[in-house]
Structure formats: structure tokens, C-alpha cells
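The chains carry the letters A, B, C and D, assigned in the order they are written, with residues numbered from 1 in each.
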Amino acid sequence: MLEALKQQVFEQNMELPKRGLVTYTWGNVSGFDNETGYFVIKPSGIDYDVLKPEDMVVMDLEGNKIEGKYKPSSDTPTHIELYKAFKVGGVVHTHSPWATSWAQAGRSIPCYGTTHADYFYGPVPCARSLTAEEISEAYEKNTGLVIVETFKDLNPDYVQAVLCTNHGTFTWGKDADEAVHNAVVLEEVAKMACRTEMIRPDVKPAPDVIKEKHFMRKHGANAYYGQI
Amino acid sequence: MLEALKQQVFEQNMELPKRGLVTYTWGNVSGFDNETGYFVIKPSGIDYDVLKPEDMVVMDLEGNKIEGKYKPSSDTPTHIELYKAFKVGGVVHTHSPWATSWAQAGRSIPCYGTTHADYFYGPVPCARSLTAEEISEAYEKNTGLVIVETFKDLNPDYVQAVLCTNHGTFTWGKDADEAVHNAVVLEEVAKMACRTEMIRPDVKPAPDVIKEKHFMRKHGANAYYGQI
Amino acid sequence: MLEALKQQVFEQNMELPKRGLVTYTWGNVSGFDNETGYFVIKPSGIDYDVLKPEDMVVMDLEGNKIEGKYKPSSDTPTHIELYKAFKVGGVVHTHSPWATSWAQAGRSIPCYGTTHADYFYGPVPCARSLTAEEISEAYEKNTGLVIVETFKDLNPDYVQAVLCTNHGTFTWGKDADEAVHNAVVLEEVAKMACRTEMIRPDVKPAPDVIKEKHFMRKHGANAYYGQI
Amino acid sequence: MLEALKQQVFEQNMELPKRGLVTYTWGNVSGFDNETGYFVIKPSGIDYDVLKPEDMVVMDLEGNKIEGKYKPSSDTPTHIELYKAFKVGGVVHTHSPWATSWAQAGRSIPCYGTTHADYFYGPVPCARSLTAEEISEAYEKNTGLVIVETFKDLNPDYVQAVLCTNHGTFTWGKDADEAVHNAVVLEEVAKMACRTEMIRPDVKPAPDVIKEKHFMRKHGANAYYGQI
């Protein structure tokens, strides 16, 4: 079942090491199917070298395994919360090194320029730490709930990325491809933001007009970037 | 028409990802044809993986599309202003990470050594921010005009590169090849300038004699570098 | 003799340059055989380009060469002390650049996040400097003894890595594969810890609950990461 | 003439881009022939992509071209001074990014650990700036003389590398292979020294016993590293 989606989710999982975003098995991609309400996700802890499309696991939003010989990614409960709250088509988790360094520092990534503004409308927020209770109770599920909490006053279609304190990144999008694309952009933006602060420790974020112009140039009703 | 120029502009566009200067479609190269007064530029938002020489777009300096099935790069109006003011043969735009970090910091790149002086006669300037009016009115065209303003007391043949605050880089040259070459050099120079300041926060720019000697060794009337 | 182990140790030695952990011959991997009590180690100073499985050297824990045409790695006496004290199946030494920079700084690597906590239960300690006497007497053997001293209150199964002041890294594991895996993780963790401090100079280590949760998720009696 | 040496010098020139030490044509390798007293060097400004062994230029120590269709590297007068003063078999010049950043900062590279001490007995010195007169008179020759001046109290067999303020690096060795090897090591050591200072701004150089032990382990009369 869902063979095309499995193929797509497999290919996008393979993008992660190819783009330098993951070491070993430190990442996972899932994609949602609107018809069935199921999603397809990478199995837990399987090497990218031996991963095959048919290894992908089909899950429902209650966390039941619908199909697949392997256990799904241990981050599956986080993916579920993001699908439920954000109504997106793809979710990605990585420990990509630059973005994870911001997450370990517990800082949101300020918007320092148009590379950022082309994709993310405002800072990429850093979700708060989980409490000891939240960790022991249902760690991965609560990770998702704290991300959703972080977006209570933010539009998840306008900032399709988040940092989790002391942990790593989640990105999303209309499908697995866009979610992976956003993961690549996030890493690039995180790298340049760190270097920007090295070059000028007292740098200020880009003015809001940059954010408006660049995000809307690609995403607004009057978008004119690309062949649209 | 302009098949040879299309081929050259295509090849130089492909140099950008090969040299690590662009992620996804974040860059574009154009080349000018003196006979017709037209220039050839990359189409907007097309993946480098599928780009072909025949996809290049032919434009005139009034911004009219002369030939091509695609829309030209959204940065086309900036290229036009540089061709009009600087009378050059090639223009490149990138978000290359080190140089863009300087642009995000709003700082010109000081000349710290001979690698810089071999190519750029003095600091690589950082153009001022556009005003809100300039952004909303004609963003890409005004980006070009602000670059030209930055060079009102500078020789654009001696410093063939600029940073745009909160944005990225433009470089140029006698043709597309030289413009791309300068983009590669700019990124290398930006990287080393940042590290130089890490190693010695109170470092001073190289003395002017270095600038004179090295730039003129390669570019002056008595140049003696290379097989000339 | 020990042909399968030689093959494994050879392959894991080849992982070091492939993973970017060593330049030239600056690293070595060994693996222990429980039946014979011998271990297999890379020969000293042989280029990775020409290394073959049959070049591996078989040693006993008294430092006697049992088989092999080459001299063993000059770090062999350090491997011996680690095998004797920690009862592990594989040992790796590298000068991997990020971790070695921490070793040169004489600092333990704090646990700043889950990437670290997934593998190392607490900071990766930096062993004290050797005294002049320890260096002149039996440098490599004493390097091992100082590592063992560093773990007098630490569980070497829970933190399978150490930094040696002004020198480099040792990692270990249940076999050569796990020891190399830990060397790769250590380098990644060292890189992100340095960047974390760049991004936030006053950053604090991750709370202990993160350490408990993540290490035990993969290693404890109730581990649930991967296909276990 | 000197076909074997041309082949070796060609191959070692090709190592520079392969090892990430040069961009475009920013480096050159030469090798000395004891029998004839001639040396073989890369031609000036020829792309590595099209370089062939027969393009190498044969020179004598008075700066006369003995054979070759191209002009020799513009740095040839520097190579000559090093051959005359240091009696070495190979010389390399690069603008390798980390080492050049130290040169641009005008700082010698302190010995922070055994990676450094295995190759360089003490700091890698940074030669003083040339005066305006030295630059205008005979820039490349005076670059060599200032390097020689830097070693008036140093043994060039014990520290086979130097930084030139605001410029780049020269390394040497018993032949072109060793000189290139030292250029690779210098870049690695420069990278780790910078990161060591990031991790611990008040770090002190490694104690002298480390320098003695490691350099002599590989280079002294009682060397025991490698298959010797």
C-alpha cells in the first residue's frame, strides 16, 4: 500500500545524508497521505546504506502500525503531533550540526538576511525545554506538544521549522520534499547566522521590510519568484 | 540566437554549485553580447540538475525578453543596472555563505593580504540598505542602483565585487567566466578575513604597498603574473 | 591466524580517513579476540592507500608480537592498558580535528544536548597531562594508565571516549566497529559543542534528565531505540 | 631532461588542489636536482586542470630558465633563496586558508599539541612584513631573504614551514613530496590551533616535554615511529 508515497519518503530520507544533514541514523522523514489519513515514516535505527523503499513503515495518527516489518522511528509520536496540529504533508527531524548548535544554545535564529526571509517569515523559534515530568511521561509526544505550544502565536505555514532546546530540528511542508528542502535551508541559515555574529557581535536582525519583501516575493499572493 | 553565449552562460551557472557557492537555485550568471546589446541570463528558480543551455533567456537592457521559454531570473533588473553603469561583460549573483555572512553583518571586507589584493584593489564594499520606499517601488532595480551609488568613488574595474546589506553578493568581469572567477575568489577572501579576525581580533588591514604590488602584479600595465 | 578479525580491523581502520577523522597515518584501530587473548592492530606509519588486511599485526597483552611482518602502531602500549583495565573489544586512536582541539585546550566536552547524551553518559573527560617523568619513562603506556586513572570514578561502558591533553582522542567499544562509531560521534559532538559556545558563550550543560532519558533510551535495560 | 623530477613535481603540484590547499592557481611546488644543481617548478598561472608533466620549467639557482616553453611561477625567486640558504630538496608555496589566516593575522602558530610537535619543533614562525623598499625592489626575492632572516636562530630542518605576513605559506623538505606533506600538516595544525583558542581563549602552548618527545619520536636519532 501507498507505494508511491513510500518511494518518495524513502528518497527524501536518502537526501539527508547526501545533503550532509545527518550522521549515521540521526534523522527521519515522513510523508502524509490525505486519502487514508495514514503516514509513512523511516524505520528506527536502520542504516541509510541498506535502507529500501519497502522498509518504510505505514502508521495512523493514533500511533498504530498499519504496515511494515520494522518498528517506526522512535520520533514517530512527535511527527504525529505535528500532523495533527499543523495539517502538513511532510515532517523531517535532524540533528544537522549548525542548527543543532543553535538548539543546544537554546536560542532562536534571528532573521539576518534575505536567504532566511525567502523561506522563514521571522525568527526560527527555539521551543522551551521539556519539564522532567514531560520527559518521563511521554517524551516524544510531549516534544511535539511543546512545538505546537511554541506556534500558538505563529503561523506554521509561514515558519516551517523549529529548534528543540538541547536536541535538534523539526521542519515540515506541504509534502516530504518541501520538508526536506526546509531542513537544508535551515542548516544553511543557521550556519550564516552564526558567522554573521562572529563577524559583527552587535549585529541587529534585518529590518522587517526585508522579511515582507522576500517572503512575499516567493510565497505571497503576488509571488513572482520562479516560473509562476 | 547567441548560441555560444548561451552555452558559456549555462556552463558558468553550473560552476556555482560545483564550486560550493550556491544551494538549490540561489544564484545566477549572465553574459553580455556587445554586437546585439543583449544579454543572456539563467531562468528563475529552475533546478541546476535539469538546467540546459537552451533554457537560458535572452534579454535587452530595457528588460524586454528577446527570446526564451522561461521567465528570466528575478534578479534581472539588478544585472541590467550593472551592465548599464559598469560596461562589463558578465554579472554573477550568489548567496555564497561566507561572503553573505559579511553582507548580513553589513560590513565591507577589509584587505588582509595578498589573496585579496591579487584581485580586489581595496576593501570589497558593502552597499547601504535600501529604504522601505526603494524596496517597495522597484526592489531589484534599486538594488542595482544602490550598488552603482556605492561605486561613485570606486573603479568597478579594480573592485569587481560588492556585498549587499542583509542579502548577498554581486560580482562582474569582462565576461561570465571572469565574473564567476571573482565570485569564487570573493568567497575565499571572505572566509579568510573572518578567520583572520578570529585569530587576531585587533588585526589591521594589510599596508597599501601590498595592495599596490599585488594588484598591479596581475592587472597593471607592467603585469608579470601568468603567461603574459 | 585471526583472519576475520584482521579483516574487520582493516575495514575499520579504513573508515577513519573515509569519515574525515584522520590525515595521513594519524590514527589506528585495534580489535580484541576473547578466545586467544590476542589483539589485532594497524602497523605503524603505513599509508592507508596501500594498507591491506594481511598487514595487520597480532599482539598479546604483554606487548609481544605474535604475528605480522610490520611493527605495530606506536600507540600499541596505550591500547594494551585500555584492554587490560576496561575489558573492551575494540580501541581507536585519532587526532580528529574538533575533538583534538578540545584536547589541546585541555577541556572536557560538556553534554550540551541529546546527540551527546545518546552516546555518552555525562561529559567526555579530558585526562590530565603526563608528567615529564611519565613521558620519558614509558610515554605510550603511561598515556593508557592516565586514561584509566581518569575513569577511576567513571564507568567506561557509559562513556566510551576520552581526550588526552595536548594530544588527541581514544574511544572504545564492544568491538572495533563500535569503537570507530564512537570516534565519529565524538568528533560530531566536539564540533557542535564548540559552535554551541560560539552561539551562546554563557551556555549551561543540558539538564541531567536529558542525559538519563537519551542514554537509557538507547542503552538501558528498557532501551527502545532501533529494532530491539 | 630531468623527466623523473618533472613527473614528481607535477604530481606534487596536483596534490595541492586534491588536498584542498589551493583554489585556482594559488600555489606551486618545486623540486631540486642535486646532480645538475637545477630545480623544476610549476609554470606561472596555468590551470591545474590542463597542467602536464612536460609543462614544468627547469631553472638554475641564478634564475635562468634552462628548459621549458612557459614562464616559471612568479614565486620562483623565493624558491631560489630557500634552496640556497636551506639546502633542501623541495619547496612549496600555498595560500591554504587556515594557515593564510594566521599569516594575515601576523601571528606565529603556537605548538598546542602532539600533531604539531610530531612535525614542527616549536612554533611555526611568522616572518616580518617586507618594507616598502623591499617590496618595490625585488619582491619575490626579498620574500625569500626575509624567510631566511626569520630562521637565523632556528633550524630549518626542525621547522620546515613558515608564514609570510599578509601573504601565505612556504614549506620545504628533503624532496617535493615531503614539502607537500608539510604543507598539508601545516594547514591541519593551523586549523586546530585556531579552534583550540576558540575553545579556550587563555590556552597556553603545550609543555616543552611534549615537543621533545613527539618530534624526537619521529625525527631524532632514536626515532621509533613508523617502520624504521
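As a convention for this text, a contact is a pair of C-beta atoms (placed from the backbone, for glycine too) under 8 Å apart; a residue touches a chain by one contact, two chains touch by 3 or more.
Being a predicted model, the structure only gives us computed values, none of them experimental.
J.: Among all chains, whose Cα centre is located farthest from the one for subunit A?
T.: The chain farthest from subunit A, judged by C-alpha centres, is D.
J.: Same or different: at the subunit A/subunit B interface, is the fraction of residue numbers used by both copies above or below half?
T.: Counting shared over all numbers used gives less than one half: different.
J.: Return the distance between the CA-based centres of subunit A and subunit D, expressed in whole Å.
T.: The mean C-alpha positions of subunit A and subunit D differ by 46 Å.
J.: Express in whole angstrom the distance between the two chain centres, defined as the mean CA positions of subunit C and subunit D.
T.: 32
J.: Find every residue in subunit B that makes contact with two or more other chains and list them.
T.: Answer for subunit B, listing residues that touch two or more other chains: 198.
J.: Just say which it is for the chain contacts: an open line, a closed ring, a star, complete, or other.
T.: Its topology is that of a ring.
J.: If two chains touch, include that pair; go through all of them.
T.: Touching chain pairs, listed by label, are A-B, A-C, B-D, C-D.
J.: Give every residue of subunit C touching subunit D within the complex, in rising order.
T.: 23-26, 43-46, 70-71, 74, 95, 97-98, 100-107, 129, 132, 135-136, 139, 166-168, 194, 197-198
J.: Hey, which residues of subunit D end up touching subunit C in the complex?
T.: 112-115, 181, 184-185, 188, 191-193, 195-196, 198-200, 203, 206-207, 209-210, 213, 217, 224-227
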